[in-house]
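One chain, chain A, appears in both complexes that follow, with chain B as partner in the first and chain C in the second.
Here is the complex of A and B:
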């Protein structure tokens, strides 16, 4: 409790240091204490009015207590009167802990223990209508002066959108001393919005001009109202100015929507790209239809979940086919050390999914290289088994993967919101595309992969161990799916059937891009992502947008049946 | 092992086949419902078998495409549920004002704030119209989609993926409430069909018999088709499309016809399924359902007509039992069974019979050669 109050006092001092004009000598607490001790109501009002413009955090609780008759005058044994606030639970006698209004510290009894007083024994500090009005004026503008810029901006915006003329002087006073640029802008907007209500035409025109330069999204509705009013009042100059301001707001809104859609489209495209890139290798290069690709994504996501829990509190698992539960102990890390779990999880997800993929290739897929349709069916069986294994191990509900703090914020520029996780997705997608490209074109393994994929029997004749290359290629594709899973754990749900949500999209992306072509996959992923988001923006309906994308993909394949990039060959099939 | 060209070897000669099929059909169509009427077979069982037989129709439609024409469609459940939805719309109209809100329109429309029937719902009060739609809607969809797909020579895996996308898109659409098709709850709580109480044992028995007869008709029809010149071209397309094309057959037209025919069979299955299952919702359209139907065919034996029926009934009976006996492991059982069949028994369960017979004849052949 003590610590809390001293923290509050510290805040109060900061507020003072930031230049609250009025509470120069006394702290806000001292001022209120002085007001409580003042005898004449007029004097009290005068003292309370001094607090207008102060942003001290102790003001609101004290004034509210005063209004609710919870502020008392305590006659100390020494004869002086001390204003006190009673708080905490009542004991058997009905006594509560007393804190001094003056300092915020508990009052100590002569015995040295905190003093407990009974409310009924004391006289509450009086208040009348005029005093309450003065308090309201203080409280109304309290938030305008708080030290926290974000909070201040929000308070200013609230006042602005209420368009209350009475608050105009306070805003103007604040505008004179405001230093933070964000708050300055908000103040200009709020003042202009209130001036819209002014009966004076030049002021109104100036306000409209101001709103036109500011063109904030929030001013759209008040502007519409002003326009309507001017039209009914038959005031062409005001109506024209209002129309100009509205146009400015609208064009700004369109810009924001356009870039917002572009950004969301890019990030959705990057997600598609990350999930489809692995498939572009297993399906596009190897010709294996891996329906369990979605489950490889889930392997990556669950790996992230396990790593997170190992860094944190530990977790319980069930071993499938037994009723044995296992408890994995956690390292109980906190702070930034805990936050690094995601960095550790990324390579582990790749490894885990790659290992599962290699296991799958060795046990099932290697028998099916010449029968693509049957690889589709067998891997679907694998996907059923894996999903059920996830359910048995981790439970059938979605599991919680928390985002590390460096991925959970966002950055706003000109009303366009850039979520860090989405920025990260875009960067990461670019990173793995470059990585895959380097592996395929610049490493010996890449050379072998390309050789085997172009002509398996010829490569085999040249002495390449095609079996091994197949295994490694499939491992690489599955590992990329695992990476995608680590990623999706940050932006979507992690559950046993999470992979099913992506599998159709994945295949679509690869087919549209042109099988066997990484560049095609990149273009088609970004294209589908952008198309999806723009259609959503236009139709205002996510599901309809998705359906339209599917339809347009079917139509697109009419035009280019082999995708964007065609691998030309002389063979017929 | 590639499936046999005419699908005949698994039952020996034509006469044996005729006798075996006739016996099974007689049992399913006459004996089984009689046993039910005398109370030996429970009402639950007869409805359950009715559903199995509907699934068998769906399986035949998958097999007609995959086993006989080489087109693996992963969207047959879409046509199945479209047929179901058309029937469901009629059954919803037959509820009349007996719904929870006691309004003359279906409950979910009342819930969505409609006071009058949307125009496209109105004709569904008529049973013949609903039946026409059962054939028309899936048929037209298959015609348009098939035309687009085959015209641009989409085949093999691409065809599979596109059909999967089609059913995925449709399920998304039917999940929406403003589609006015019941959203994710779909249609349920039917009361009457053709004036009879739908929950009555006799009605369910009649539905079962209709389904069994329909299955027999479809079986015979497909059996006949596979023996005609058309059927042979169909199988030629499966085994070597380019050769068929270069021999002067417009393969795209053949494929389109088979695709539409299969859609119609699936749709009839769905239309019979809904009054017996008592519910239809977009879950039935999800890509997984189509894949399940492919599993039945693969396990039963593709490229034969008995295989899909055996597979559909067998797997669903196994499912009914295993989901109760081992609820946690059912999917694992199905998955592993499927992997094993794909890897080691490409001809399905019915090919086992031929394998066993060949094993015997291989043993007896040297004996007879000795003297």
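Here is the complex of A and C:
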């Protein structure tokens, strides 16, 4: 009962405050102009606070302009000071059109033409943290009625977490007319959070019950505070209700963390799988210890970078060993057409890396098929040469690859975040695994590859051109590394030495899975990913998690030196 | 006749050569430049070499120091910490330089420190560091923790932030800085439960490490970002990041993909300046914060002149290996620049290049109006300077949102802030 009285009092107070603001017959614009002209910061805050509850459309742009130093005091020739906002394009002198904050109309110069002012010549109206908070309070309530649901939800949550009793009426009023389900939930939570602060026990208990049903992560902190308060005030019924609500939140958190970890493990495993699959072919099937595998990944990533720039603004390149710079013109695309660059980049990355791989096979590796140690050293050298070429062509700094919008958002279900880039990599990994499996088992080329890898001399005797098959197999493995590079450009660095970050992980994945077996690589990648993420979740320490994963891999290889799946193949003997 | 003339010419040439030689020895002063020009740190440190050469040229054009032209001796530390000590020894014992400007990483500074103390040399160190050190042989123009990290916390507190998540790369600077920040936050009344990232305690229960750490080259930030998302769910949260180098790219990409932004949970980074920004994804960083004692966007005539002069020098310089396009200025560069001028002022006040005399003059409180405003030297070899907080913009520059004037450089901060 008590609570209702206080709520009524508050409502009355708000109405009064609104009334007094209206009595002054100020529009929102006039109020802001008055605040800008006020001398003392405290006075400004007082005037700005009057705007709370107003839904005037001019408030948001003006207050935002103020916060961004785009509101100025202009000394009119008559001697008075006028608050002005500068907008529109700058001309050669840097001048912009000036509109009066007071009326929203352009200010006219003595000549009768609209006045143009240069921002650098004027002093911006000052603001400090306290004033910005006052503005935020005004904007929050303004945002309660914004058409954008996401923005509205955020505004509701901000009000809820502030637990400010004065804002309860506004939320309750909104709850009556709210139709969007997300906003309705947010309102229920926000109202319950504010009611936690109520001095009235039944209201508090009802609020706790509500929070227990909602069990949102955001309510954990206020609930802990409420529990502490109830314990110190010796209020067992409230404390018990708070405990029950906290338990509900905790069990929800556990579910979120469990499925979240599962998803993150799956996505990390997919990343490993994508980068290691190419190596599973070149090292696993062909037996070439290819230390330049990381650079094949980098070729794919740089291809994506080049395609991005060709779709956009164009780019400058240096031709290595000459002092000649080349300018590649860009298509200057924008919007969704530009964003398709990534779709185009994927097959091109495959091709580029495959071509480089075939070149490497023809020039170096084909002489070293029976000499694994030499191939290790030679490909190590090739990797250094390639890194230097990247440096000479693209510069030694990392380059920027922007993520297209369809890969930079997320889908959140029950507080579990499914980043689109992560969902994409899982699908991408599945796609290339199926693709590789189809190529190896259902195509004539696959048949030849398997024949040559099982027994090179026998295949040769049967009239298979083993040289050509070797070349194509190596190209396929390198192309897969290029695909990995295209994807890695979306989640990490693109730079000359990026390949070095992945090469150890690649070998680890392939060796654990069992050399010569692609199914083994799939299982080991997913296993390592899941183990890594679960250990991080349990230990809350990324370094320790990684160390434990490596230790367990060493132990595993002691137990099964040939990996998960043991392959019998003559080429490996 | 002809032989006479040739003889005369010969004698003349000899005399000229001799006088030139002596003039050269008398009119120059050797100054060491000790930075990594190769290896992993080269990307950052080469810029400091460039700005130092620019400063020497600028001073030499105006008559030098005490009438002597500066003669730089540039050596390469090659991102190899023991090599730094070797090179420092060479500069001091062989080249007998009057002063050295150099080092970027704390570990390189620690490795040359004994050499400078043994030979009574003088080293100017320009890059933000963790403090807890004060040698009479090092002039720290660098930002101390209270000239970068604690002002950033003050800014966040004024913005109404209540929860702080600490994240960093796993080495001495982030670890020490976060311990100081932990004490500072507690002293400001932030409860331990509102400080995220986890704690490590020793047997007695004393916290020995605060915050979350990832190794150099870490690429997978999913778990950490998910943790921050839950940490920030109740609002009013922020992240304080001492992540170094290119680990920022996967972190910020993951951060954006998880729907976190500068609006919902801002990140202030202490290791991203204009120079590092060149290799980062601009779109994902817009609105996030940086905190330094200089930004290129500072709108003063002194800074505009500095930026323009540096760009002009880049165009005309004949030193090989200097990148001329797309160059920016950043805080470590300006602190190198300011360091040279402070040394010059100290030498002129002392009237000598002798290290002890120069140090005495330096400690007496000299001022210089640099691109970032006035800097003043202190008794403890650190400098008082202005601190700025900036929001990153898409063009790689910072918009200054807050400044603190004349912040005293205090290296000893551990145990200074007491919890209420």
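Methods note: the second predicted complex is superposed on the first by the 429 of 573 C-alpha atoms of A that agree within 3 Å, B and C clash if a C-alpha of one lies under 4 Å from a C-alpha of the other, contacts with A are read in each partner's own complex, and residues count from 1 in each chain.
Criterion: contacts are C-beta pairs under 8 Å (C-beta built on N, C-alpha and C of every residue); 3 or more make two chains touch, one makes a residue touch a chain.
All values reported here derive from a predicted model rather than from experimental measurement.
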Overlay on chain A: chain C relative to chain B, clash or fit: clash
Touched partner set for A:221, first chain B, second chain C, both or neither: second
Chain B versus chain C as contact partner of A:392, first or second or both or neither: first
First (chain B), second (chain C), both or neither touched by A:206: neither
Which superposed partner A:492 touches (first chain B, second chain C, both, neither): second
Partner chain(s) touched by A:333 [first = chain B, second = chain C, both, neither]: neither
Per-residue contact with chain A, leading partner among chain C and chain B: C
First (chain B), second (chain C), both or neither touched by A:373: first
Touched partner set for A:536, first chain B, second chain C, both or neither: second
Chain A residues contacted in one complex by chain B, in the other by chain C: 543, 546
For the chain A and chain B complex, residues of the former touching the latter: 289, 291, 321, 364, 367-368, 372-374, 376-378, 380-385, 387-389, 391-392, 500, 504, 507-508, 511, 543-544, 546-547, 550-551, 553-555, 557-559, 561, 572-573
Chain A partner contacts - residues on chain C that touch it in the complex: 42-43, 158-160, 170, 193, 198, 212-215, 217-220, 222-224, 226-227, 229-230, 233-236, 246, 249-250, 253-254, 256-259, 263-264, 278-284, 299
Chain B to chain A touching residues, read off their complex: 72, 145, 148-149, 151-154, 156-158, 160-162, 164-166, 168-169, 172-173, 175-176, 242, 287-288, 291, 294-295, 298, 328-332, 334-339, 342-343, 346
Interfacial residue positions of chain A with respect to chain C in the complex: 120, 128-129, 132-133, 154, 157-158, 161-162, 216-222, 224, 253, 256, 260-261, 264, 267-268, 271, 396-403, 407-410, 412, 415, 417, 419-422, 490-493, 495, 501, 532-533, 536-537, 540-543, 546
